[in-house]
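These notes concern the structure reproduced below.
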Amino acid sequence: MQSLGIDVLFKGTNFLRLLEGLWVAVRISLISVAISIVLGILVGILMTSRNMAVKAIFRVYLEIVRIMPQMVLLFIVYFGTTRVFGWDLEAETAAIIVFVFWGTAEMGDLVRGALISIPKIQYESAAALGMSRGMAFRYVILPQTIRRLIPLSINLITRMIKTTSLVMMIGIVEVLKVGQQIIEANRKVSPNAAFGVFAVIFLMYFLICWPVSRLAVWLEKKWA
Amino acid sequence: MDIEVIRSYIPLYRDALLLTLRIGWQGVLWAFVIGLVCTLIRQLRIPVLRQLVTVYVELFRNTPLLVQLFFMYFALPKIGIRISAEVCGSLGLGLLGGAYMAETFRSGLDNIAPIQEESALSLGMSYLQAFRYVILPQAVTASMPGIVANVIFLLKETSVFSVISLMDLMFTAKDLIGMYAKTIECLTLLVVFYLIMLLPVSLLGSLLERRMRRAEFGN
Amino acid sequence: MRKNQIVAAVTAITLGAALASSPAAFADEAFRTLDEIKESGTINIGVFSDKSPFGYVDENGDYQGYDVYLAERLGEDLGVDINYVSTEAANRIEYLQTGKVDIILANFTVTEERAEEVDFALPYMNVALGVVSPEDAVIESLDDIGEDDQVIVISGTTAETYLVKNNPEIKLQKYDAYAEAKTAFENGNGVAWANDNTEVIAFSIENEGYVVGIPSLGSADTIAPAVTKGNETLLNWINDEIVALGEENFFHADYEATLLDTYGADYEDTLVIEGGVAAGAETEAE
């Protein structure tokens, strides 16, 4: 059996290119999570509204996110919007829009859950201490909510990083696409490169996502 | 939008739906089996196997299905392990789902007070009996919303099957767009068929969730 | 704030619905004219990044190949920088129609169906379909393909369209990308791989143990640059350029720089089209 393609990774700038591809994935998810957290908090607060129309709208929104694969949303936003609205989105922008659309729904739902899970007595105690509604929210409710949300949003980061593997399907050259290019360019000299390249990409994803998800678990236990 | 085009594509989407459902549910079944076996190993504290379960769960929860499939389908044959696309799809889904299910079952089990197990044992049940008749039913009920979320998550993940040449809904849409460029029709049908496949599951899930408040959204 | 949020949410939600309900595709003017491209200083060119030796990325991250060689020259003569966009076979039309690239130079075969969706410039290469198979089980005619055998094709290629149309009984195993299809073929997932004959010939030369049992299938076609339908200024410029390049035997030089290593000198005259004049263009079958 010939070499399993590990050597190919160190030819030229191949390994560096893989890392660059990985960074594209991480960058897209970090930007998306940051925007999702901000929008998610707003949406979450709105979701606690008792207005039926607002409730119905968010119900539909959550349902769409829950049902539609991100892959489908990517295609709709990247190719569909150009067709229908004439928008010309960069692939990366399209990816961020889809990830924010998804992330905001999940964050919003988590924020809503966190908000309604805080016992009523806390609002009442704050009021009894002479705090205004705004103050109670700012000093009592929000800190607790955020504490609950941080582990969950860290979790969201890892899931987004994993989902970025799909963006190669709309032409973004990320780590998997770079991997394929490397396999293709070396097919003649190293026909088994597929093994080494995919094994390394598998490990790369793991090495990024695992510590982050451990951190989430640790924070969750610490703040529980 | 061209109704004739849509009409002519519907049989293709229907076939794709059937394939997606078939492999998707096989995957879900695998996920249950693998998840249960892992949970059992963890509950019985079997040495070595227990550590292996942890490694497996962490490995598969922290990597994308797409990469797992690439590895199983394209890389493993290079060292002589050849798996057909369909098996690869359902097994891949099962391995991913098994890791998620194991975690969901675990959090379900964590909810059960230790006294229940002690009571069962003091009634003369063996550990396996206590697990089978007392703990398991409660744990399954408690983790129901998580299980439903996992099932939806797994059925959605079938959308990456194009890389291993399986004609699922997503690939059918992409393929038709590539051949005939009827983008709007293809994407509309795609959305409609995903709704047909997943809306019932999701509604059922919400129903259960409302009954037992404790969701573990997707993860 | 509240109102805006609601508006934003509603917009987001209607995105899906609008797509389903809106019949209007008013993005036909999505292209950039020649002047607009020159003004912006950058041209977007869609090429393959995993189809050696026509369009691929070398170990230094640079695009290379027969198509890319032409792309480089077009960029140079236009006096603009090139932004390469990596495409898959199935979304080449999509990229042009949505204006995401100005030119497709991704080994794009001219067909009637495609010509309805995009505008092709003058051709620069000859092509037909071909079928490659392992040498211990050579497929020499489509009749050799058994009922349960699967033939590998790439989604969105002429090979796929041809087989779907003319041999619907053959079971196809479809892939998104060249790299995936080739690796699957190497791994023995199909009895044969049908694609452009240029591509399968290259594969059989570069990889031991494979034979092109069917070197030519279907009609003799050509490969040409494509632009968004109606982008006349760019189309005319490319056509003039291809004619002008013919005078310096540019495409022979292209062949010698990018394809000679793979094909040797034997195929030079059969593959290359110089100055946009295809030898048998008008006499092809069907």
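Letters A, B and C mark the chains as written, and numbering starts fresh at 1 in each.
Criterion: contacts are C-beta pairs under 8 Å (C-beta built on N, C-alpha and C of every residue); 3 or more make two chains touch, one makes a residue touch a chain.
Remember, it's a predicted structure, so these values are computed and weren't measured experimentally.
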Practice task
Show which chains lie in contact with chain A and also with chain B.
Solution key: C
Problem - Pair sharing more residue contacts (C-beta pairs) when A-C is set against B-C - result: A-C
Handout entry: Chain located farthest away, centre of chain B as origin (C-alpha)
Key = C
Handout entry: Inter-chain centre distance, chain A versus chain B - centres from mean C-alpha coordinates, in Å
Key = 19
Fill in the blank from the handout: CA centroids of chain A and chain C: separation to the nearest Å works out as 33
Problem - Whole-Å gap separating chain B and chain C, where each centre is the average of the chain's CA atoms - result: 36
Completion exercise
Among all residues of chain B, those touching at least two other chains are 74, 78, 162, 174, 177, 183-184, 187, 191
Practice task
For chain C, jot down the residues that touch at least 2 other chains.
Solution key: 16, 19, 22, 25, 91, 94, 97, 176, 180, 183
Exercise for the section: Any chance you could list the residues of chain A touching two or more other chains? Expected result: 68, 76, 79-80, 83-84, 169, 194
Handout entry: chain A-touching residues of chain B, taken from the complex the two chains share
Key = 58-59, 61-64, 66-68, 70-71, 74-76, 78-79, 152, 156-160, 162, 170, 173-174, 177, 183-184, 187, 190-191, 194-195, 198-199, 202, 215, 217-219
Handout entry: chain C - residues contacting chain A, complex
Key = 1-2, 5-6, 8-10, 12-13, 15-16, 18-19, 22, 24-27, 29-30, 49-52, 56-61, 85-88, 91, 94-95, 97-100, 176-180, 182-183, 186, 206-207
Fill in the blank from the handout: Contacts from chain C onto chain B in the complex sit at residues 16, 19-20, 22-23, 25, 89-91, 93-94, 97, 113, 117, 152, 155-156, 160-161, 164, 173-176, 180, 183-184, 187-189
Exercise for the section: Would you mind writing out the residues of chain A in touch with chain C in their complex? Expected result: 11-14, 17, 39, 42-43, 46, 54, 57-58, 60-61, 64, 68, 76-77, 79-86, 88, 91, 101, 169, 171, 173, 177, 180-188, 191, 194
Practice task
Spell out the part of chain B that touches chain C in their complex, as residue ranges.
Solution key: 1, 73-74, 77-78, 82, 85, 162-163, 165, 167, 171, 174-175, 177-181, 183-184, 187-188, 191-192
